[in-house]
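Per-chain residue numbering starts at 1, and chain names A, B, C and D are given in the order in which the chains are listed.
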């Protein structure tokens, strides 16, 4: 029975590199305050990302860049202000009834940043993992218990019996995050949105969590939107990397290219700022002032212009277009739009 | 400024709510209770007074409820509360205005003392939380705080006035002879001592516990630890860092606490037959004097609202986050 | 260089109702003048307890159990409170982990800088205002923020203000407990650069505590690695990076995916650290160690031994109990 | 069950619960504890305490000790029932405001704030004076509708905190229904606070009821600690030197109030780690 369901799922998407999800011109605004003090926070300002089957796209940015908001909109924790989300070639309507929403959630799941707050302290591991199976009516009765055990073991929590009746406070951070991953995996989704899944974990177990995610990708045919502020982690995990700044996508391309030959001045800055002892022990110096712009009063031009060492007057006029710099590598910067680049 | 305008709007909404409740409640009750009252005083009041009462409570009046309401608001705002039935033919305003100074004098002073005392003790006991005196003071204030004020009043009245005879049993001043000037002030203070002590002793516990809880919270804040690392003297940390921040929540919860204390004070006045607003309320209740009751309720509410508003304004000076905006 | 701080057999932890958490176990180390010592370790390894304990900042239930802390010739643990208060901030200052919350929300930045000065010295009387301005200038914060309240500052600015405060009395040592953890990468980098410049300019020593080993390798002179309350290895940064000896250090070093270069599959360290409320027999890393020697490592606690000048390690692979050639142990891996 | 044990380990909680149990036992076994009928009026009036009448007799010749014992029933009942009703109101209003937010939140919280600022006792007095039916339920009703506001405000802010926790988001992503999220995910995490709130509301109820009865605004023929005090005051017990008539029922009110206060304090300590020593 389970195998049958599984087979039908895979049949829907056969060819490799087939796009699983396309995010088009996604905009998310939040209204804060009331009456005379109402303001609009422009958290995400029209971003386009597509994610292929078994592909990992790393979404990198600093706090306030809107990267988490992207994940939450795609996860339908927030409704998008505008823009389209296309799953397996079908556009997802802005408003969905419960059935449509459940169907969507069966394909798109999420892993949260903080394993300490993403598990309900009063529910056992077994309960937490059974819920998605029950809600989506995937397997019944005894099958559910079996599947929960299977999930735990797939996620490296073996023997499952040792974990199934435990409460979150009895688990270490790494173990909790594995439970979080197992929960996302329960419905056999195609896409998992991973919102900084390792940033709250100890260094020595981060890699194992990332490795687990990579293994699951192969084993369960999963695609990831991997959100992080850590360039090195993004590099380790991703096939492609997208860089966000102030709610805009400023660069996207193959991971090796974006890391080794960053094009956008902001990406270059991020690369310089990241610790990289492997490239010699002398750290690179950075020289930059300013802060990330206020998201309630975004500049009309390039959002990075006020801090950019290469800023030109025309940067202030309008938001630069995305320009192709090489196969699959795009940058939103005027430096590359006027023939300055070969 | 946003904060001030918000507080003013809230003040107005609350005052309006209290006014409207006063208008609606008697009309809402089965068989308008005012009717009972008017029937009871028939014959003892002149027909004009009865008429005025009927208008005030909407009995035998053929006006629409809206007009009655507008008329009522007009009368309340201009302070025309009507005629007191129990003190006929005095007006409610006159009766009330005689009681107000007593209450404000006694209650205002003792509340301020209780607030200061409770706050200081709260700071001290939390700073030395393991000292023997703190371990006595906390359960003691819990006890005092969960005790009916009027009962405490009864007990100290019994012990100090009746048994020991050190203080008068009740009243606000001595009625013997014609005392004037300093002697009368002395007499007033003498009479105020027991009721004042009741309020101070019982109310202090509440402020103490609030302040202590706030302090305990603040003491584990990083900025207090940092102040220690800076090598500041203990006193500076205790007051300029910890207490200065811990007092802020006391201010935001002030209105509620004040309401609690005022309720206790009303009962205390009754026990000591102290001629203030509380005692007056008691008399109006006994005599089912609705106009007087309504006016007293309004007065107390507006007084609490005003006190609260003043506290809100003081808060602006204490918290730069409110004053300057921004932040969380 | 002269030794500024000497810590010997230092033990500290927390006495709870039913258990005693022995968070710092027999830690000994030295800090030289002008040295930048990084202490790296994961959550719960006792690094913050160590920093708080040796400056006597631990509050109950935290407690220093035993040991000796000698700072600039003074015995820190046996000083009375007033003596201690006087040298705090003047001789050494501390920059905290959660800098967002270390400033008093109801006091102006200026007053918070100045009270640290005025309760310690009268040297700046008459030019206090100028001193505050100069301090902010050192950390690139505009002097207009002198009259600001903390909530008007961004996270990066708050951290800079705290660093400025730490410099106020020209201390000999600054302890920094995860000073940049909550900040964004770019701001973090910028502040680290500034710290480094200031150190060169004023010549104070730094103890820099962090969980982020990759940061330390770039900025510190010496690194000590803590695990389960003990220092397991200590060496100059470049030595530690290239020739880490302890299997834990080695695992930790390889837990950071490199940013540049080719991708390859790496592995973290499986398992979790031991419970510090129990007695640990033998090596605390035994359960997770890929090179453990049964019968030795689970019985005898390894002592810190100096393998070569300035490079110490606590591991049986490198002492007589393990009977193995230390440097070979790692080369096999590479 | 585990939580109950943790609760009982706290000294304050155990002490508070002890006092409460003491009164519960008195209330249940009142007929066996009280030597006489509380309404029998045949004794010599205004007696000081004697062996036959431990607390003396009233002006109408009733045995005060028997009345105090029987009064426990009503006082306890009013305290707990009112506490429960006020807590239910707080929970419903606080959770609704917190979960839905927006305009619903604004309106409900403005109402709560108004109820908080308008002094409770005067309002209760006015309400009680207007209500012409005398009985216990009007009193319970009146105290309940003035006593919910604080709890509603506290529970709302707790709801806001919990609503933004990631385990709630995770439940949304899993596809749980809102009702499941509110009752199975969020609600159990608020129980501590709700219990604390119940104790708080009960203190308020006990004290308010006593105050109302003392003023004669309740049913003065009912037997409760408050009415005993009312009659004591009315008959000038003090002037007759009949102090136990006043002292004992008052002390009982204070003890019951304190028992709730202790338990409230204890739950606070247990759920808020910052208050722990």
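Here is the rule we go by: a contact is a pair of C-beta atoms (placed from the backbone, for glycine too) under 8 Å apart; a residue touches a chain by one contact, two chains touch by 3 or more.
Remember, it's a predicted structure, so these values are computed and weren't measured experimentally.
Engineer: Within the chain touch network, how many edges lie on the shortest path between chain C and chain D?
Structural biologist: Steps on the shortest route: 2.
Engineer: State which chains count as neighbours of chain A and simultaneously of chain B.
Structural biologist: Common neighbours, chain A/chain B: C, D.
Engineer: What chain pair has the highest count of contacting C-beta pairs?
Structural biologist: The largest set of C-beta contacts joins the chains B-D.
Engineer: State, to the nearest whole Å, the distance from the C-alpha centre of chain B to the C-alpha centre of chain C.
Structural biologist: 55
Engineer: Just curious, how far off is chain D from chain A if you go by their C-alpha centres, in Å?
Structural biologist: It comes to 51 Å between the two C-alpha centres.
Engineer: Measuring centre to centre with CA averages, how many angstrom lie between chain A and chain C?
Structural biologist: Each chain reduced to its C-alpha mean, chain A and chain C end up 33 Å apart.
Engineer: Can you compute the centre-to-centre distance for chain B and chain D, using the mean CA position of each chain? Integer Å is fine.
Structural biologist: Chain centres of chain B and chain D, defined by C-alpha means, are spaced 21 Å apart.
Engineer: Multi-chain contacts in chain B: which residues touch at least two other chains?
Structural biologist: none
Engineer: Using the touch rule from the top of the page, what residues of chain C touch 2 or more other chains?
Structural biologist: Within chain C, no residue touches at least two other chains.
Engineer: Considering only which chains touch which, label the overall pattern as line, ring, star, complete or other.
Structural biologist: ring
Engineer: Going by the touch definition at the top, which pairs of chains touch each other?
Structural biologist: According to the stated criterion, the contacting chain pairs are A-C, A-D, B-C, B-D.
Engineer: Residue numbers of chain C touching chain B in their complex, please.
Structural biologist: By the definition above, chain C touches chain B via 55, 57, 59, 84-90, 93-94, 96, 98, 101-107, 115-116, 119-120, 149, 151-152, 162, 165.
Engineer: With touch defined as at the start, can you tell me which chain D residues reach chain B in the complex?
Structural biologist: 110, 113-114, 116-123, 125-127, 129-132, 150, 203, 207-208, 210-211, 214-217, 229, 233, 238-239, 241, 243, 246-247, 250-251, 253-254, 257-258, 260-262, 265, 268, 274-275, 277
Engineer: Flag every residue of chain B that touches chain D in the complex, lowest number first.
Structural biologist: Chain B residues touching chain D: 10, 13-14, 17-18, 21-22, 25-26, 29-31, 33, 36, 129-130, 142-143, 145-148, 150-152, 154-155, 157-158, 162, 169, 213, 216-217, 220, 255-256, 258-260, 262-264, 266-267, 270-271, 281-282, 285-286, 288, 290, 293-294, 296-297, 300-301, 304-305, 308.
Engineer: Could you list, by residue number, the parts of chain A that touch chain C in their complex?
Structural biologist: Residues 62-63, 172-175, 202-208, 210-211, 229-233, 235-236, 255-256, 259-260, 269-279, 281-283, 285-286, 288-289, 291-292 of chain A touch chain C in their complex.
Engineer: Which residues, counting only chain D, touch chain A once they are in their complex?
Structural biologist: That would be residues 106, 165-167, 169-177, 185, 188-189 of chain D.
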